[in-house]
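Chain lettering (A, B, C and D) follows the sequence in which the chains are written, and residue indices restart at 1 in each chain.
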Amino acid sequence: MINKAVNNIKEALLGVESNMTFMFGGFGLSGIPENAINALSKKDIFGLTCISNNAGIDDFGLGLLLQRKQIKKMISSYVGENAEFEKQMLSGELEVDLIPQGSLAERCRAGGAGIPAFFTPAGYGTEVSYGKEVREYNGKPHILETALIADFAFVKAWKGDTAGNLIFRGTARNFNPLMAMAGKITVAEVEELVPAGELDPNQIHTPGIFVQRIFKGEKYEKRIEQRTIIKR
Amino acid sequence: MALDKKQIAQRIAQDLEHNTYVNLGIGIPTLVANYIPKGINVEFQSENGVLGMGPFPFEGEEDPDMINAGKQTITTLPGAVIFDSAISFAMIRGRHVQLTVLGAMEVSENGDISNWKIPGKMVKGMGGAMDLVASAENIIVAMMHTNRKGESKILKKCTLPITGVNCVKKVVTNLAVLEVTKNGFKLLERAPGISINEIKSATEADLIIEGEIPEMDV
Amino acid sequence: MINKAVNNIKEALLGVESNMTFMFGGFGLSGIPENAINALSKKDIFGLTCISNNAGIDDFGLGLLLQRKQIKKMISSYVGENAEFEKQMLSGELEVDLIPQGSLAERCRAGGAGIPAFFTPAGYGTEVSYGKEVREYNGKPHILETALIADFAFVKAWKGDTAGNLIFRGTARNFNPLMAMAGKITVAEVEELVPAGELDPNQIHTPGIFVQRIFKGEKYEKRIEQRTIIKR
Amino acid sequence: MALDKKQIAQRIAQDLEHNTYVNLGIGIPTLVANYIPKGINVEFQSENGVLGMGPFPFEGEEDPDMINAGKQTITTLPGAVIFDSAISFAMIRGRHVQLTVLGAMEVSENGDISNWKIPGKMVKGMGGAMDLVASAENIIVAMMHTNRKGESKILKKCTLPITGVNCVKKVVTNLAVLEVTKNGFKLLERAPGISINEIKSATEADLIIEGEIPEMDV
């Protein structure tokens, strides 16, 4: 077993620098690496390229990095719900690359899997396909999309072990397993960290080989964006 | 009388086929789940990673780890399954999800759809819409027939940046049910009490009108 | 919940015909759909194209279909351990398409995921790359491989529920989840079939949407090819 | 004295790096696991879908659902994980597995390897070998220096159908340790008691020989 546990968030973030490319797991605010984001938002690193399905809200998630103008470019599929984002984007301060959600997920997986490019029908005929190669398969046009990788991938799991194996809970899984594959250094934060051997090898979502550092997050706020309920 | 949003959803629900997997977009499409006809069993997929979505949770039982693609707290039904975003779009792209219902700003007579971007306005992104419209065998658009200025959203050609080409199969609006055929929009049904001329005058695209056009049953 | 349970192997095989393309999960003899193979070997269907990592042994697994000369073509990565196979191949009766194991797995996944083609470094410069497009990425040549699909995919899981959700056990997982995705009709056989709702939604390996029919196998022999042990 | 197979494995084990993931092929490479140096921790990946392989099971504890890529019954160590074949080769192709040790029929001076097919003989297939050699950052070949006819397997150019190009970094044989450099094979070490001339005469390819060539420490 290769021990991936680090002692604290400081060790977990060792080596992060300005102008790097980071990936962040999560969908909306669900399953985002809260502790890593909070810590990054206090570091003096700027000019970041951030790959994340969404961009958080003004005072939580990637919104924290936006407020300090640490992000140069966002690569996302949906970036609503964020006034600071809108301001920086419209003023031209923030570069934004919008990608179909399925292509984003597959491009991260491809980056981790050593697949440099693949064809997908998503985005054909739209501005997403500008400059991309088009080829017909099964009578349908497809565009060639390339893999994404990152200097650091920050992911959040429910449980993890010291070997870096991860188990997610509910729809907080989302992009986390794919981005874990695509980070040169993948930093996983978990709600519960157990010794290697305690997790059932059959029930692990992300094998530890994809994770370079793992730590237990100090605190999880786990905000809900749209609290929809029915009365009893 | 033109349909309200609930009735649009109700009409679309009549098109649900038994034992199929369905993805509902945000807005009117979400309401379709409330009108599933008796004897029809469908399973809802949400592209953030769940199949077998149930109703919203009871108050106090909301779980931040259990949301749908609209970021709303949800529950799951027996037989539900959770998966990552790559597998979710494998289901969609691989045509395992049979029907997608989504909203639109414009639909054109060759089945193009625009629903993600208005030039000059804040662009939020396409989310999963481009994957969904490029993939599903059957795509039904739920929308109002005209925009707030009273302009037709049923067009010869989309004017806004498009989300997908040649993909929409059917459009259900507050005024009509339209099928996208090789030769353009074919009028299938009218909203109760709405005349063919009213529909024609609200529609920029040409309409194929053959025989009697029945009223929707809503 | 969409009920995928069928009553017996006969219903499970409804619609199989000569000259179809079948996929079979399994690695060696581990995790092969024993019951489906046994039943297919008793049907009068011939001219089959079979996609399977291996070809069984003489009297078990796909060897049974080979003995009755039901298979026209094998698409595999490794086909040793089978004298009947060798005979038919050398005599030219059996067509064989050998594919690198990783490309085979990825091509099945691609077929199920609506990815018609992708680039991989595996096989570049070898006879596997004959006639295939070559493109350089990251300074390394890659070849374009296309997706595989099948008329029927036969897979074997440990547990399944009536919604078609599958859980595998140990390395019997192997190709099963990928082939399950790539079958127009996927037939899953399981050691234990439970009502929908009994499996933890977080711990399912193959979502039921990929499975069209599921049944409990009558009997599992689960042969071991290489019994390696240490003395106590 | 030329090395036996165990000693070849032992010599390769000296090259294992601490805290790395390693894939061992069938044959001599499998034996490498028996000689891991003290203080060195490695984790073994088997391409059929397991990471963290342990020793063979005790008699009576064999499990048909737990095998390695050689189809041998195995056990797992604490921290092990099971995955499907696509994820397994994602690990390999994506260079998460750092070292591959495998056997060969021929290796050429530009790092090409032939190990899967002999024309005219029954072809069993490449299994995962082509993915492995096309992917790993570091590839060490374990083999005998010559074939049964006494012909060199260390060649200017492979004569058999190749498995991968420009991929082998090092070759450990019963006679020598060779590094594949831009300029061809460089002799790094000799088997104990084997002279440079003996190695030269068993080698068809040219050898780069610089300074003293030490004996292997086995």
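We adopt the following convention: a contact is a pair of C-beta atoms (placed from the backbone, for glycine too) under 8 Å apart; a residue touches a chain by one contact, two chains touch by 3 or more.
All values derive from a computational prediction rather than experimental measurement.
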Chain labels contacting chain C and also chain D: A
Inter-centroid spacing, chain D versus chain B (mean Cα positions, whole Å): 56
Intercentroid distance (Cα basis), chain D paired with chain A, Å: 36
Separation of mean Cα positions, chain B and chain A [Å, integer]: 29
Per-residue overlap in chain B, given as positions that touch at least 2 other chains: 50, 82-83, 86, 89, 92-93, 135
In chain A, residues with contacts to at least two other chains: 106, 109, 113-115, 120-121, 168-170, 173, 202
Pairs of chains, among all present, that meet the touch criterion: A-B, A-C, A-D, B-C, C-D
Residues of chain C touching chain A in the complex: 106, 110, 113-121, 135, 137-138, 142, 146, 167-170, 173, 202-203
Residues of chain C defined as touching chain D within the complex: 27-31, 53, 76-80, 86, 89-90, 96, 98, 100-106, 108-109, 120-128, 158, 168-178, 205, 222-232
Complex contact set, residues of chain B against chain C: 19-21, 41, 43, 45, 50-52, 76-83, 86-87, 89-97, 135
Interfacial residue positions of chain D with respect to chain C in the complex: 46-50, 55-74, 82-86, 88-89, 92-93, 112, 122-131, 134-135, 161-165
Chain B contact footprint on chain C (complex, rising order): 1-3, 109, 111-115, 161-163, 165, 181, 195-197, 201-202, 204, 207-210
